[in-house]
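What follows is a structure written as structure tokens; I'll ask about it next.
The first chain written gets the first letter, and so on, giving A, B, C and D; residue counts start at 1 in each chain.
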């Protein structure tokens, strides 16, 4: 029998009980649809407490939606979006950013999923030349798809470069909570205080059922956003059920508890796997993902019992994700299995 | 104090308790994300029981999403989508169909929201002429935005015309359940058996929290749809929570009970309002909406207590929607208020 | 044998000899491609003499291109473009405006191809409502597709309305020269002085081989236009050959001579046809087109000798276009044939 | 004084006299617009003589237009177009392919602008996975932007790979004539006979004023293309003037004479530059471009007299293009200047 929890993805987990309770509590009579309701007002207020009094916040159905809407708000179709080659927007959204914004993505290879300023400079050589797309946005994932995390000072360096070059800094924060928990900082330290312009704030990977927020730190970028969201088919009618989830997540530090727990479980898993000479951890474990080269012959044996993805077929690198509901027992059982198999 | 339920829209209602229970029951351990899970398999199976063994079913976040995805699957950008001028896709989706499909909408004025074959013929005069967009889809709303309903034979007439002219018949079924309940027919009678090609099957307006289905009656149209859905940012990661809702809706006739109740409440409301000489009912009440001309001076007085929308400012026509949770008491209290005010 | 000139369209004519000579003269050695050449500098200078010292001018390949680029420069995809139902952008560009801008076109029925302010007001009822596209541009054709012409004061009324409502006034000037010649005014009087914001200035229908100009009367709208033009595949590499044509057209009043002649020929044709009781002229003849109801049985007989289009199959209304090279003999021969046939 | 011809680009040249004569000859009376004319019929016939009796041929205004239209005909928006990182469609069309097709471009680094089959295989790892764009087209430039040329067998290898993997082979043939002349083969040998599916056939870089052809070797791909062309704003009204140019180019081997001459001039230039130890030729000279590293200090001195572009700022690599009108004297004068400067 398969265990009830695996390591395939943090979106294989269900919904945190506190969030489920908040959903239930919001199911009370009629409220106006599309966000003009008290649940949404409260959630927005909580976002402002965490991220800054003047941020503009809009909820959307999902992560791809939040990313493409935020990028659309920042771009004209002849512009370009710079991102790491491994970015979710570059490889895992089936071309949604190109389709919805019309922009080209300029993807930069990195060893660890993190963009550096030095890599960006050559992309600005042809600014003003009409034959070339014009860079407008730097988009980073925080935490990255490789489980690594940008420090506040790394983000500030990107933001400064952006500002100097008339670019905007966009953060795909599907795992922003994991990043903040890992860095032991508040959410504001890696967003507003670091110079971020637009943020996709993830809910589903941190214990919500569905729902993502697009946060603008410069209100002028949000001027037409309500139309962009509706035209992008990301305006939920029964908005209160997303808002109630976000309120539960941001209140009472649930966002932090969930993320910290998932991160801790990843640390624990990495520590154990690192002891096995047959496996090689390939990335720093800074959030809730562990990347490791697992000899090819072991993989099907492990996958008989646990879901997880092979990240790189060529190198036989596997990805193991933990989530808010991963238990120490889950790690122990899985590690025990790995040990049995690799021996 | 405002009453807890109003008549603004069926999406101002919350979630039906049976659906809420199904969501809770689905929150059990890990399952694979994006639809490869047993909840989704079961929901698809139920759809096939209702609509035909060979239909292809895909779940999406919302109604606008379901519409634009289904239309994209059926069109090339140089083609046109024929619809009533009042169609949701024409007026209430902020241009999402044009943006996502690239197509022009050819909108046809109607007295009651319903397209007739005779209106469509002139639109085919220029087929083959490269300067003109080429009609490809007839899109109807069932029930319509005016609360009216296409009979099976009206749909069949449109489907025959479509087939003869190499067009497809698309149904925006945000209120398909209300239509079926009104007609006292099975869902199949107004979809598969009537010759419909593509259906947006609505959940949120009939007691679900969120979630809409795109149903293809011709599987060849669905061949690339999984990519279209992902690129359209409508692929939910924790799919099981939509699937569980649909399963609850389709099982045990909940879809029918909810719709029938909402329809009955609309009938009751219309009967009462029709008795008042100051008001004029403007549309046949065939689903869960009542349209009535309410003299302008009464409207703010009514809106102090009840949410509802003025549909047409010029004629002072108001729209009153009922939903699965509208009670006979709600109707009675509202009607009592109307009577007090108009006297 | 068919005569060498017909009445099908002004783009069935060839190239005026002065323009052909200018093309030949520009074929001299190398110049930098894409517009950084002396021919283009001279043409832009001439445009500024005619339309205002501070206009921004960009050349494009064709009329549809010029229209969609100009509209793209003025809009975001959630906005709407208001136009007459007969507008070229609405019916004769195969959906290019929708595809390239993402916008919806709000088309207004008119008896004569001309928009009036009173028709526009109801379209602004829902400004600010996120479910509806937001009107941003009023686009008029000058001369219209029905051969009629907006007077300067009619344009000013539209421009004032536009300004009051945060809209822009776009002119599809495929036949702007015919309109100015008809009104006996300078080009500036029906563009800059009338409050026009963006103009497609037509070349091909007035004696050029190819080439159209997009003129911005507010330079801020043109800021990113060079990229829009390139991304829209409308940046000619050997630009000088368009520029030389425009210089020939604008210099020495050729634009006016050609347009005036075409208009005069249309007047002559209309006068003669009006004498025949079997035919009914349906539109005022204010530019180079004549619309007339011609009994159905005569049409094939006429088309054996002359190309022309039936504009409206239902009413048997035909369109006869004259061009810079139409001769008085052409009119006389055609009228003689009509007389022979209708007797 | 600057010489009248430079080495900046083959589109800095004017129009070949035989083509200019053909344009003049086509300026005779009226013909139907948009391609239903005898000039177009003749040009299409000539294309079929060169490329195959059953090819479908459509003329467009320009090269970017031809590329994006051809790619649109072959793709759905969730698909991907594989190309060399240096491809014109990837770097020099301001994102037009992404904007018009909605597709992502998957760009592959190459040393010489040429794709190899081995590079393509890893891009097919995720076929069928809905989160990833789905490769559909391999697009190659022939000759490449680096002046190199695919041999017929190299093209066949790509075509076989394409066929085996349900991909199409697209050729950006802005310089297809130079490639054929270089390989000493007929046009058919590197298109139809090599398994090409779609070809942009260039005119402007080989002596035409404007005009490009999109050629389909599989007619089923062209089924809706007339609409795509119109919606793409690439349908010339006075088509005959493009058609007459293509007829002149394809008749009497002008295409070959022009290309061969340009290639010969490039060879001559490369031979001379190769003798100078201060310069390094960086690419094989297989068409009409010469790439050479020129020490940075010499470049402004050369550019005082001759236009040319620095291809790579970092390596100080310059690009010198020859054209149909480059003379042996032009080469000699330029080389003499280079010698004076580098000494």
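By definition in this document, contacts are C-beta pairs under 8 Å (C-beta built on N, C-alpha and C of every residue); 3 or more make two chains touch, one makes a residue touch a chain.
Keep in mind the model is a prediction, meaning the values are calculated, not measured.
Among the remaining chains, those touching subunit B as well as subunit D are A, C.
When the interfaces A-C and A-D are ranked by C-beta pairs in contact, the top one is A-D. Each chain gets one centre point, the mean of its Cα atoms, and the points for subunit C and subunit D are 33 Å apart. In terms of their C-alpha centroids, the spacing between subunit A and subunit C amounts to 50 Å. Chain centres here are Cα means. That of subunit A falls 42 Å from that of subunit D.
Residue positions of subunit A touching 2 or more other chains: 77-79, 93-95, 99, 102, 130-131, 133, 227, 230-231, 235. Residues 34, 76-79, 102, 130-131, 133-134, 224, 226-231, 235 of subunit A touch subunit C in their complex.
Here subunit C touches subunit D in the complex through residues 4-6, 8-9, 11-15, 20, 23-24, 26-33, 61-65, 68, 93-96, 99-100, 204-205, 209-210, 227, 230-238, 241, 307, 325, going by the rule given at the top. Of all residues in subunit A, only 77-80, 91-95, 98-99, 102-105, 122, 125, 130-133, 313-314 touch subunit D in the complex they form.
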